[in-house]
Every structure is written in structure tokens, then in C-alpha cells.
Amino acid sequence: MAKPLIEVRNLSAYYYNGKKVEKAVEGVSFQVDQGETVGIVGESGSGKTTLGRTLMRLLKPDYGEIKYSGTEITHMKEQQLRPYKKELQMIFQNPYESLSPRMKVGEIIEEPLVIQKMFSKKERTEKAFEMIEKVGLPRSSYGKTIHEFSGGQRQRIAIARALIMKPKLIIADEPVSALDVSVQAQILNLLKDLQREYSLTMIFISHDLSVVHHMSDRVAVLRHGHLLEMGEKKEIYQNPLHPYTRSLLASIPRTDPNLRHIKQEPIEVPPQSPHPPQLIDVENGHYVAADVIEIKNFEVSERKRLEV
Amino acid sequence: MSFQTYFKKLKTIFLGVVFISFLPSLLYGFDQTINLRSYTLNGKTYDLFPSIFDKYLYSMTILLGALLVGLFVAIVLTFLTSLLPNLLKRFVYGLITLFESLPDLLIVISLQLIIVYIFQKTGWLISNVTVVYDDKVYLLPILALSALPTIQLFKITFLLLNEERVKPYVTVVKAMGIGDYYILIRHVFRNVLFNLFLYFKTIFVFMLSNLFILEYVFNIHGLMMIMLSPNTFVFLISTMLITIPFLFLFEVVQSFLHKSTSSKEVEAA
Amino acid sequence: MNWKLFKQPQLLIGMLIILTLLFLSFGFQSFFTMPEEVKYLYDEDGSMIGVAPFTPTEVPPFGTDKFGRSLFHLILKGAKYTILIAFGIAILRVAAAGILAVFYHHYYNKLRTVLEDIIESTLFIPSSILAFILLAPLTVHQVQQDRGFTEILTIQCILLVLIGIPQLLSTFTKDMAKIAEKEYIISIQSLGAKPFYVYWKHILPEMASRFVLVTAQQIIQVLILLAHLGVLLIFLGGRSTFTVGDIFNEHEVFTTKTGEWAGLIGHNFQEIMLKPHTLLIPLAFFSLTIFSLNLVINGIQNHIQPTSRGGRK
Amino acid sequence: MELLDVRNLRVTFQSGKEEMEAVQDISFTVKKGETVALIGESGSGKSVTSLAIMGLLPENGRVKDGSILFKGGDLLQRSKKEMQQIRGKEISMIFQDAMVSLNPSMKIGKQITEGLKYHKITERRNLKQEALRLLSVVGFTNPSTVYHQYPGQLSGGMKQRALIAMAISCEPELLIADEPTTALDVTIQKQILELMNEYKIKTETSMLLITHDFGVVSEYADRVLVMFGGKIVEAADVFTIFNRPIHSYTRGLMNSIPRIESPQDYLTTIRDSAVENPFYKGRAFAPETYSLELKTYYSESELVEVEPGHYVRFFTEKEGVTQTWQNL
């Protein structure tokens, strides 16, 4: 069994909207093992972005703890965190906004090294060129300004920047949702290639179930800040237990017009519970949120499965 | 709108004003006059209470009157320019820049001179130019004070209108086959007026400054003049007299805006 | 900020006017000689027909003040003081507020309680009154303690700079908060950058064009403020006092020591009804300068967002 | 007779001194009760086409050539007044970004009946009743509450419902939906699309559905036009497109979406498809004939009917190509 690289226990982060306290993430626990990709699926307002940023320690969690390869980093000060930020890197959603508009491509890609004061200037340039080629851009990109690049190319630059420090963990927050379909495929392929090459651990956050399915080994479903279901990809997609997961899956448009006459019954999703749900291991690391009534249902469905 | 935040802000401002009013002492040593009964202006001594309320009312009448006149004229002007072809609109915008550049002092003095000139030519006096005694004039100060806010408001509404006209919801309404003038009046103009409230604070501060120079040049014995008298207490009480109602007004406007357009960020630009 | 900014015609015209004024003012000695003071005018027979101040028609081009000095020359001479002092105060205001805003934004939760009072309350006090209250005691001190010209000027400038800071601080902090929310700033933070690096390399450069714009606006505000103070007989660098009139009708006249325009307005203020040109001409130059600055501002704004201005689509 | 018949439409945009062609020679028809989908990526000209039909092109855009026949009459020949009578009443449009598509300061109830009021379809005193009915048609369970709410108080899905209510208020014959669900969550997307489809079937309204999502097309469209760089690259009924896509761009678009039911380790991109397509032999969409980034074509091309009702854009001579197809 691989060692957990990042462990999250009972993580809660709130944000303050005027006087009101709103939950962004509440009572979330999971772990990511070395080398695996965990997909986090959630719709808007599910707290997936907050979760990603809290893991990066861009936000300070209100409760709970985050352990990075055994060390607790929850309450570390910025000074102490700096070495960890070499190993944790993030890719953001919108390549039009996540790259500084006033810098040259080369500067952008080298910036992490400058910030962490690594290597000499010459070595940094060399590394930047190497990364530019790795992500499939021409070497001439180095001296160009960011305005000359399309969305897909910009996302490649963002990936090059994230990978120049040879990180261990990548948190990708909706890295392809701002891109055209054809470009999306290229970026996903690139991410997969690079993941293999650098044996990266990855947390892949997205609203798109197909993309998460494509990228991940394990999947977690987030709704209104609560973790509802988590497990191996196969388990989640073929044997979804939580009604919310099932409704998400049923909402994906089928890409076959021959199926359109088959009507799908709408799935009743229970209202959000006020407290973070207890996660129960149903089978083989397939966790599901359960209050008392739901546990009964799961038992039934499990029994059914056994009979089959 | 909650009274709690209002009073909290009021307290904040009060502390700030107290600090500012004793700043001269901090800078030059403690030799400030504090007199709770009376104040001196141009060598004469006046009772502070209750006459300060009278002056206060007078100054605020001029201020609000000018604001209303300015608002009205600005809206009419914007509406008229919105009907002009694009080339003329640019010309109008150029004119705004020109007029905007005139200092308040110039406008106040010129107005005064124009009226004297008219009087000399025709013997027809629109309004007493300067006030020597305690009788009050309204028309001229209001007109003089409204000149610059009119230009500013005109500029703001003009720019807001241009911004508003290309917003997606206008296209949606157009797609319903609704006529241009109907859209302009019922949708675009309405929202421009809403957004105008965001500039309320900016205009207000600007007008206070104008009012001050107006009172000085016209020799109007109003609240702003009183503030010039070397008496710290007068400064303190005058400022609070302005703050108490207007802060309330700002808060009401803010909460009102927040309610009707809750997605919008409310702040004075 | 880049060089394309200088392709804006409005900006160029505005800068040209201001630079011309400054050029004429600095080269004053080499272009002009200060004409003789004209205190009295005589007709051909040699009998006196008028006493200063004179109107532009009597003494072209702009007439004289009450000491018989040519307004045209006074204005050109004073241009450099007026414009440069306003420039200096505005730049110092923006620079100081910009630096303070970094700290205010970074330590917002700690500093807010201290500074919010002052920032909020300055909203309700017209800056002219604020300036008057702070500067008026100086004129008394000048006489009483016989302070020097430079000392007075320095104190005045420092106070004028300080007066403008609270408002700027609040706008800059709001701007910074907006920029700090942008994804690319967050992405820089995720790389483990020190706060200083983030401000210096990213947030402040992002605000550069904003700083230029605000500086131009501040120059206008300082100019208007100076004009107001001039009317209130507060002149930069203190004032010189002359006694004029005959024994029966003696009164004091205050004049400016630097010759800046606000001083011209101030010492001619009593002539408002009789010889209005002595006020209107300096004011016209104020307007010209402000207009040029407005042109500069329009140019910058057109450069920043080319479509949203001026009825063009 | 077709309800809508667009013939050889060309739309250009003036940007600076340059004139850019956003839509180049597009022809298609929409029959009564039919849903036609325009599918393409950003910059394909699909939204511009819809705006041209509505007569709502931005100031710097203009129709350079072609005709848009609606019920036999050319919309491009109509005066401004006449177009106003058609917009909203006969053709109406649902826009992409519901978040900004409603007037923030007007109550929902008032806003959705603007068309009815302006066109004097419903009497003033019945407006409120009609608004409540429309709100319940689009699935609000509490119409009287929503009636008095401002757009800022509604979620994205609810705003889109309100927009639909507005679009169908005058019972138009043609509904143009420009990416109606792109900004919404998947679960909401499904609800909104179902709602639109139900309404369409019930009232026999025709629909022009503009989207980038093949999933949406496969569920709801009758006929499909695939667009790229301002041109139609493939057009057929929905079953043909999905069962026998020919053009490599179509195939590329379809394959580049990761699929849950048939997972692949590597996603086929459009570039790969261009190489792999057995039909075109370097002709239909060879990499040298187009630029994916610039969204333009480098060589001449023509739309060829390869089987009845199935059109594909081919480069070079059409005969050779058609034969290749027929030989198969």
C-alpha cells in the first residue's frame, strides 16, 4: 500500500459575508496516496475551489488538520510553509486570469524558481526552455508576451510553470473548463503524459464528471461543502450509492441519439443536512455519507448486490 | 439598513473629527480657543446657540437645492444628448471636459459679475449679490452652487448611459422586439439613475467644498463660514451637524441599492 | 504603462500646454524683462488719468495689479511655482498613500481600527476647511516667531500632503483588495512568494497607470485647494504685509512671497467688484492648467479602456 | 415550406480598418416543429449567425450577402419597425449568460411580460395573471413569490427559467437558444433542456439550438450543422451524424470528449482524427488546409452531398471525393 502524501482530517473553512458566516467546506476528510489521482467533483457552490485553495494553504482552515507526508502544515506560518510550496503546485481554471498580463512567457515560467531562490539565472533560463518544449510549445515562445497566446497555449504555459519545480503534488482546479472541446483534449493528454513522466500525485477538481472520470483513480463527490461519497472510480461511476451522485451521473447528456427515447426518471435528492455527514465504508474503500435512514438503504442495496 | 452599523460608524467619525479638531494644538502647541457660547467672525461676536441651527438650515437648503437642480438639469441634458448622433455626442463630451475644468471660484465670481453687469445695464436685480446683513437669499447661491455638480453629474450619467446601453440585458430586451426609446427610458435610464446613487458620496463632498467657497465669496453667513471662526468647538459641532443626517442618508441609500441589486458591489467610485 | 500612451492626442495637447507654461516660466529671465511698474497713467498732456490696477485695455496684454505690476509677467513668473508645487504635493500624496496602502492592506485587520476613524471623518470635512484650520495658525506664527520662508513653505507642503492622504489611502486599499483577488495574484502566492515580492512585482505595477491617473486628478485638486487658500489669504511660503493708502484710510495688503497664482488671486480679492480682471485672469490660467490636466486624464483613460469613453463604440 | 430558410449568408465585422468574415456562405433551413442544432467551438460563427437572424448584430457587424427567409419573406429587407414586430412575437431568443441577461433593477414579473405589454398582446390588467402563468409554465412552484423578486435574488438556473418565460411569452414560432445551459450546473442543465424540449414538442415551436456540446445535440436535436471557422463542415440528421460522421473535424470533436462508458487512456484530438479518417485521404480536413488556432481555412473547399441530406465539406475536386465515398 502506498504512503499517503496528503491527509485531510475534518477540514472546515468558512467565509464571512458581511455578518453571515457561510460554509465553504465543512468536516471534509480524505487522503491522497503517493502517485494516485483523486478527482473531486462538485457543482458551483460545492466548495471545491475553497477546498483546493485550503489544501494549498492559500486559505487558513478554521478547523481540522492537513498533513503533508506526515507533517502537519495546518497552522504553519508562511515562512515555514515556503519549502512545502516547492512540492505543492496548483493549476488554475482560467488561463486568461491566472498568468500575469505584464510578463514575458519566460519570466512567468521562471518565476517559481526566482521566488524560491533556486539555481542561477542561466540555469533557470535553461530549465524554462526545457519546460516550454515539454508542454509542446515552440522555443520562440520564451520571449513573447502572454497576449500572443490562445487559451490552450496559456494553459500549457501555466502547466510549465507548475512543473518547473518538479513538484510532488499538483492541485488542478478546473484546468480545462475554460477551454474549447478540442483544446481540452490536448491539455488532458498533456497532463496525463506529464503525470506519468514525473510520477505526480494529483488532485483534480472539476464539475465535469466525464473529465474527472478520464483523469482520476479515485473520486470524491462534494456538495455544499460536504463530502458525500468517495471511492474507486469504478465504484463511484458504476455503483453510485448516494442519490446526489446518481442524479449527477444521470444528468450527463448521453452522446448517442439512439438512446434518447429511453426516458430517465428524475432522481430525488435529499436536502442538504445541516451537519457534515458521517462517511461509512460500504465496501473496498467506497465511502458514503449516511444518516440513519440512509444506512438501511445502503444495506439493502448491498444485499441486492450480493445476491446478484 | 441597521441602526447598529449607523451608530458604530457615527462613533468612528466622531472620534476622527475630535482628533482632527485638536490637530492644530498637537502641531503648534495648545493655544486653541474653545468657547461653548459664542464665536467670532470678521471681528464680530455672535451667540452660538441657537443661531447655529438657523445657519445650518440655511446652508443645507442651499446645498440640497443645488443638488436637486443639478440632478434635474443633468438628467435632462443626458437625455437630450442621448438622442444626438454619435459625432455630436463626442463633441458634447469635449464640452463637458472644458466646463469641468473651470474652478468653482471662477464660476462663483463670474456669476456674481454677470449679475452686477445685468444690474448696471438694466437696473434689474435678480437676487442680492452679497449678503451684508442677515436677510437671506436663495436663488443665486443655489444656481451658483449647482453649476459644477450639474457638469459632474452630467458627465457621470453620460458615461454610465454609454456603459449601460451595451449591456447584455439590453440585447435581450431588444430581442423581444421592443423599441429603442422604450428601452432607453424604461430600462437603460432607470438603471443609470440607480447607479448614479453610487456617486452620491463623491458629489456630496465635492459640493461641500464648493459651498464653502461660495459662502465666502458671497459673504453668506452660513455654516461653512462659521467653521472658519477660530473656535474648535464650533468646528466640532458643525461637522457633526453635517455628518449625522448625511451619514444616515448614505446608509439608507446603500442598503436600498444593496437590496434591489444585490449582486452589485456597492461603493462610491 | 507603455509608450503607446503617447499616441493619445488629448494627452499630448494637455502636456504641451503645461510644458509650454513651464518653459516660459523657467526661461522668464531670458525671454522677458519685467516691465516698469505702472502706478499711474497720464494722458498726452501729462495729467493723471488713472491709478493702478489697470484693465487689459489700458495696459496690454493683461493689465496690472494694484501695485502696477504687469499681470502677464506676474503670471508667467508664478507659473513654475504654482504648477510645480501642485505637482510635487500631488506626487508626494500619491507616493505616500501608495506605500501606506501596502501596509494598510497587508495589516488591514490590525490597522483598520486606528485609521478608519480619520479616513471616514475626512469625508465630511471639505478639504479647504481642513487645510485652513491646519494652516491658519502658521500665519500667526510667522509673525510671532519670525519663521523663515523655507521653513513655512516646508511645513505648509507637508500639511497639504497629509490632508490628501486619507482619501487616497482608502481608494488605493480598495483597488489593492480587488487586484489581490485576481487569480494570477493567488497563483503567485501559491508559489510561496513573500508578501513584499507580491506587492512589489505584481500588485504595484498593476496599479501603475492608476497611480498616474490619480496623480493627475490630485494635481487638479491641489490647484483648486491652493486657489481657495489664496482667497483665504493663506499663501504658500507665507505672506508679506504692505500698508497702503493714506493716513486716513490706511489698510494692510498681503502679497505672496513666491508669486504663485493663488497669491495673486488672494491679494487682489478685494478688487472683485471694481477691477475683476485682476482675479479673473489668474483664475483663467488656473482653468487652462486644469483643462490641460483633464485632457491628460482623458488621454490616459482612453488608453486604458479604449471603447467606454466619449460616446464612441 | 420551410419556416426559416437561410441562404448564402455572409456576415463581416469591421475591426479597425480590417474587415473580418465571421460567417462565410452559410445555408440551412428550419422546418416547423424541428430542432436544428448549430454546433461548433468558439469563433465558429454560430452565435453570429443567430444574431444575424435576429437582426441584432453589433454596430460593427453587417450582413454582406445572402438572404434570411422567414415564412417566405426576407428578414434582411424588412424595415426596423417591421423587424420589431417579428422579434419577440415570431422569433425570440434565449441567451447564454443568464446572470447578466436580466435587468437587475426590475422585478421578474414585470420583466417577463415586457414583450406582451409592448406588443399589446395581453391587456394591461391581465399582465400579472399572465406573468404568473408563464412562471409556472417554466417550472416555478411559487410564481407569486418570484413575481416580486429581483434577478439578484435568484440563482443562475432560476434566472435562465425566467429568461425562457420571457422568450416564450409571445408564443413565437421560432425559438433561438444560444448556448442556453453552458453557464449552468449539469443537474440544472438537464432540467432546463428538458423544459425547453417539452415546451417545443407541446407547442410545435421550431428551435435553433446553438451549442458546443455533442451530448446536448444527441439528446435534443433533429438535424445538426457542424460549424468551423464561419463555414458549415458537415450537416445531416442527428442519427447520421452520430452513426456515420465523415468530416474529420466532426469526428475529432466527438472523440475529444472523454467518455465514461468507453474510457480511453489517450483522448483522440482533432489533429489525430485528421490523420486517421479513412474517407478523405488527405482531402477533407488535412492539417495543411486549416488552422485550429486561427480558426481559418487555407484552401478552397466545397460542401458536397455525399448521401441524401448528408453534406460534407471537402477540399480539392469533389468528384474524386464523392467517388471515394460511393466506392465504400
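Labels for the chains are A, B, C and D, by order of writing; each one numbers its residues from 1.
In this text, a contact is a pair of C-beta atoms (placed from the backbone, for glycine too) under 8 Å apart; a residue touches a chain by one contact, two chains touch by 3 or more.
Computed from a predicted structure; not experimentally measured.
Student: Across all chain pairs, which one has the most C-beta contacts?
Tutor: Max contact pairs: B-C.
Student: Which chain has its C-alpha centroid at the greatest distance from the C-alpha centroid of subunit D?
Tutor: Most remote chain from subunit D, centroid-wise, comes out as C.
Student: Could you put a whole-Å number on the gap between the CA centroids of subunit A and subunit D?
Tutor: 32
Student: Distance from the CA centroid of subunit B to that of subunit D, rounded to the nearest Å?
Tutor: Those two chain centres are 50 Å apart.
Student: Centre to centre, by mean C-alpha position, how many angstrom separate subunit A and subunit C?
Tutor: About 54 Å separates the centre of subunit A from that of subunit C.
Student: Which residues does subunit D have that touch at least 2 chains other than itself?
Tutor: Touching at least two other chains: none.
Student: Tell me, which residues of subunit C touch at least two other chains?
Tutor: 313
Student: Where in subunit B do residues touch two or more other chains at once?
Tutor: In subunit B, nothing touches at least two other chains.
Student: Help me check something: in the complex, which residues belonging to subunit A touch subunit D?
Tutor: Its residues touching subunit D are 43-44, 150, 152-153, 180-182, 184-186, 188-189, 192, 207-211, 213-214, 237, 247-258, 260.
Student: Going by the contact rule set out above, which residues of subunit B touch subunit D in the complex?
Tutor: 167-169, 171-179, 182, 187, 190-191, 194, 259-264
Student: Could you please specify the touching residues of subunit D with respect to subunit B in the complex?
Tutor: 54, 56, 83-89, 92-93, 95, 97, 99-106, 114-115, 118-119, 150-153, 163, 166-167, 169-170
Student: Give the list of subunit D residues in touch with subunit A in this complex.
Tutor: 41-42, 156, 185-187, 189-190, 193, 212-216, 218-221, 238-239, 242, 252-260, 263-270, 292-293
Student: Can you tell me which positions in subunit B touch subunit C when the two form their complex?
Tutor: 9, 12-17, 19-21, 23-24, 27-28, 31, 86, 89-90, 92-93, 97-98, 100-106, 109-110, 112-113, 116, 158-159, 162-163, 166, 201, 205, 208-209, 211-213, 216-217, 224, 227-228, 230, 235, 239, 242-243, 246-247, 267
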